[in-house]
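Pasting the structures here.
Note that chain A is present in both complexes that follow, paired respectively with chain B and with chain C.
Right, the complex of A and B next:
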């Protein structure tokens, strides 16, 4: 599988919680270096699917490979090759920016020299150099998200999973955040991103739209817009998701 | 397991603990308060036993008995009654704890033998009643012996001599101080790791860890090892206060105490982490921890001697880790026991420590 061009490959992935089927038999591939948008309404099963791919949750059934590792049997191996940014901000508030970055980089097996070099570069890129000793709890949300992204990518993983990375962030910061995503993709990382903002979907190479645990559409934004004869991804989403039972 | 990762995680734990607004204060202030206050108030020494005397004899001997009784420490004769009924009423009203009944013509008949004073105690407060009656009968017996010697009477009343070794004055504080340190360690090393881990669950930081390749044992050890330092701090504060305030220093080697403390901190923090692994919220972990702490305090011989428990309960105490730690602490503190004499207790603690570390690592699930 490893030399395959698909860095993520999923077949019949299903997750049930009791009677509730959160993810219902989904199959898809993500190509290496791609920005893959994973769209869906609240409760459509995006996060659950992503957690299975990251080795945080056991699939009820189905197979999948992430970075050449089996999601059923090699969860710990997968974790060496991915970065993950949770929907809920989850760095240590009482550690400084640099301490957080250093902690996670060490866990990913980077040496002190590597950490020093990459964190210097990262802080400069993020324009956060003056804040590196500030406690994380004291910085604004937009900055926290940027730091979380830096932490998820400092070890240059093959795939980065971003779960609603721009939730609650202002448009200007969102724009900057997407520049970071593009930059990471240009360096060869595959980006797997969920979002609610449909303008962001336009930035993706390909998008899938999940409705009630199933994938209802999967193609590039251009193809989808053409297929449904509309101008924006927002309209595509409205058409595809109009029959959704779950959600708000 | 990688030492480099463990070191990085330990550094994080220490920094977070130091930056926490209350944890460092709890670790220092709680042992101080407990050691300063509890030995003074939670005291089983009986003081101020109130005696009501029913003196039907009114002789030289009976007056002397009463005077000696009044002079004794911890006893005050605070009432006289003419009848036994009246004395009983005083006990019922709480004006007296013990009744001393001296029969009519006692001083004349005592030379012949066959008569005696009677001592009755209020058993509602069992400890005070029991010890109060003992104090009173000791004092009476002493007066009687003196009087017999002075008057050349040779009838010798039966005598039992009790000598308390290792804690010669049966000072309750000597018994309490090592025990209080154990209580402190049970609470601090049990609760703090559990709360720490659950708070990582609640804040979501544990998920950031779960998605990294960190292995379970490394992560769990990073939660346990900081409590070596914490437990040593707590015991040190306890020993210093015990020595400065109560004049009680360990008879044995302090190193033995520290070694036992580290082992015990692993046992308690291992238990705390195991409970936290199974709990989704702080509340759950606190309730489960409380259940364990109740059993630990009541069944480990901390406050009630294991020997006086029913047989089945005594068997259970072998599975209660603080039992061994308390035995070590008391033996080192009061008897000056060495590690060689305590090898059994040390091995038991070590086994518990290893087992709990394994369980806490196994029960920690990076995947749901």
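Right, the complex of A and C next:
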């Protein structure tokens, strides 16, 4: 079943809560090393879909494989192969930067030596070496964001799920953050990212747009723009999502 | 195991670095204990007492002398019967005692200002006690077991302990878990390979340890400052307290699985658990005095059984075999709550 170059492969994925179909029969593949943008208005079903891919909930019907593991049967196995960064850049505020990094590295089964080596490297790369003993609650949001990304990727997962990783951050910081994402992708990690900023969608290799639980468009930004004869992803999104019933 | 340790370390650091919570958590039990032990008491002191004696004899003189030297009373001297009503009304006296020698037998009457009913009850009791001590005529001989001086601290310590652990374990644990939900760190743990059971234990164990520290501090104060009699069953007291701590932690866990914000967690814990504990555990109001329905309700309140067990062990100095019923009930409640909490915690998928 597992195809070598598809890290995520989903067929007919559906999730119902009572009468409400949050995710309605979606199918897609994500290739290894790809930056895959997962767009959609609030309430379109992005988060529900992502939770199933992360092994946090089971689909009502449909099949899917993430990093070679069956999402219906190997939810716990999936968790070993993925990284996750939440939209709130969640970290423990009363722990220092280093303590946070170490905590999550330990949770993902890294040994003390591995942690030491990779955290040293990470702090140097992120230019945060002088702040490693500062409590997370005392650092600016941009730094928190970088650290949250670092903790999500320190164990070199096959796929990283980024849930609106740039919310509430200024454009300059967002740009820098995308450099981190590109770097991680160039090292072979697959990036699965949801975002509200449609300019960011242009940075993705391919994007999917979810409308009312279904995937309404899926292609590279260039192909989508050509298809709808527009200049930006923002316009593409507006055309694709104009018939949405759910959402704001 | 390394994961478990790092989770516990994380929680411990969080507790220790959150100075405000830490101070409240450690100081509150001690303040409450001292407050209820000393300041708030159901004893009535400085009772202003008037006496009216129709005909003196040795016995009446003896009674008056005893009242005069008694610490609870401020004896205001003898008065005429016609004066009594005015003095009581004006509040210059709290009670008046009428004594009459009826052919060698003492007849007595107590008139008491009952604008505060429970104080009036206490006052009557004290006066009766004095009369009983002085005369041989009264066929009833009072003998107060376990707490002869009726110290209220004896009464309150078990109740306070029952309350504190609900407060610390249930409220603080539920708030700390829900805080992780709010901040999103719980999601990070859930998408990680850590097993849910480990996450839960990683939350509970630090608060269990904190509760043990508090238990040690409270017992030390009870046995030293408050002067509770120390006897061989201290280990029984500790053992039952540990069961109760686990029970309270389960409550906290259950609350945290049901609610989504820290504020709700606080309100649910406070309203659903604190108030019943104070009102219905028998800590302040005796359960036997309640309407039957409330007596039934009190049966599902864990603090009731804990407080009862603590009374028997700490005050009556009974053996552990006397509290088997309470132990069984507490253990059963713990199991039910834990199972419910774990089920609810896992039902999210």
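In this text, the second predicted complex is superposed on the first by the 245 of 248 C-alpha atoms of A that agree within 3 Å, B and C clash if a C-alpha of one lies under 4 Å from a C-alpha of the other, contacts with A are read in each partner's own complex, and residues count from 1 in each chain.
Assume a residue touches a chain if its C-beta (ideal position, glycine included) is under 8 Å from a C-beta of that chain, and two chains touch if they have at least 3 such contacts.
Note that the structure is a prediction, hence the values are computed from the model and not measured.
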{"item": "Side-by-side fit of chain B and chain C on chain A, or clash", "value": "clash"}
{"item": "Which superposed partner A:108 touches (first chain B, second chain C, both, neither)", "value": "both"}
{"item": "Which of chain B and chain C A:239 touches, first, second, both or neither", "value": "neither"}
{"item": "Selected from 145-153, 217-225 or 343-351: the stretch of chain B that, after superposition, runs into chain C", "value": "217-225"}
{"item": "Residues on chain A lying within both footprints (that of chain B and that of chain C)", "value": "54-58, 75-76, 79-80, 82, 84, 86, 88, 90-95, 99, 102-104, 106-109, 135, 151"}
{"item": "Sites on chain A touched by chain B in the complex", "value": "54-58, 75-77, 79-80, 82, 84, 86, 88-95, 99, 102-104, 106-109, 135, 151"}
{"item": "Complex contact set, residues of chain C against chain A", "value": "2-3, 6-7, 9-10, 13-14, 17-18, 183-185, 187-195, 348-349"}
{"item": "Complex contacts: residues of chain A adjacent to chain C", "value": "54-58, 75-76, 79-80, 82, 84, 86-88, 90-95, 99, 102-104, 106-109, 135, 151, 161"}
{"item": "Complex interface listing, chain B residues touching chain A", "value": "2, 4-5, 8-9, 11-12, 15-16, 19-20, 203-205, 207-215, 366-368"}
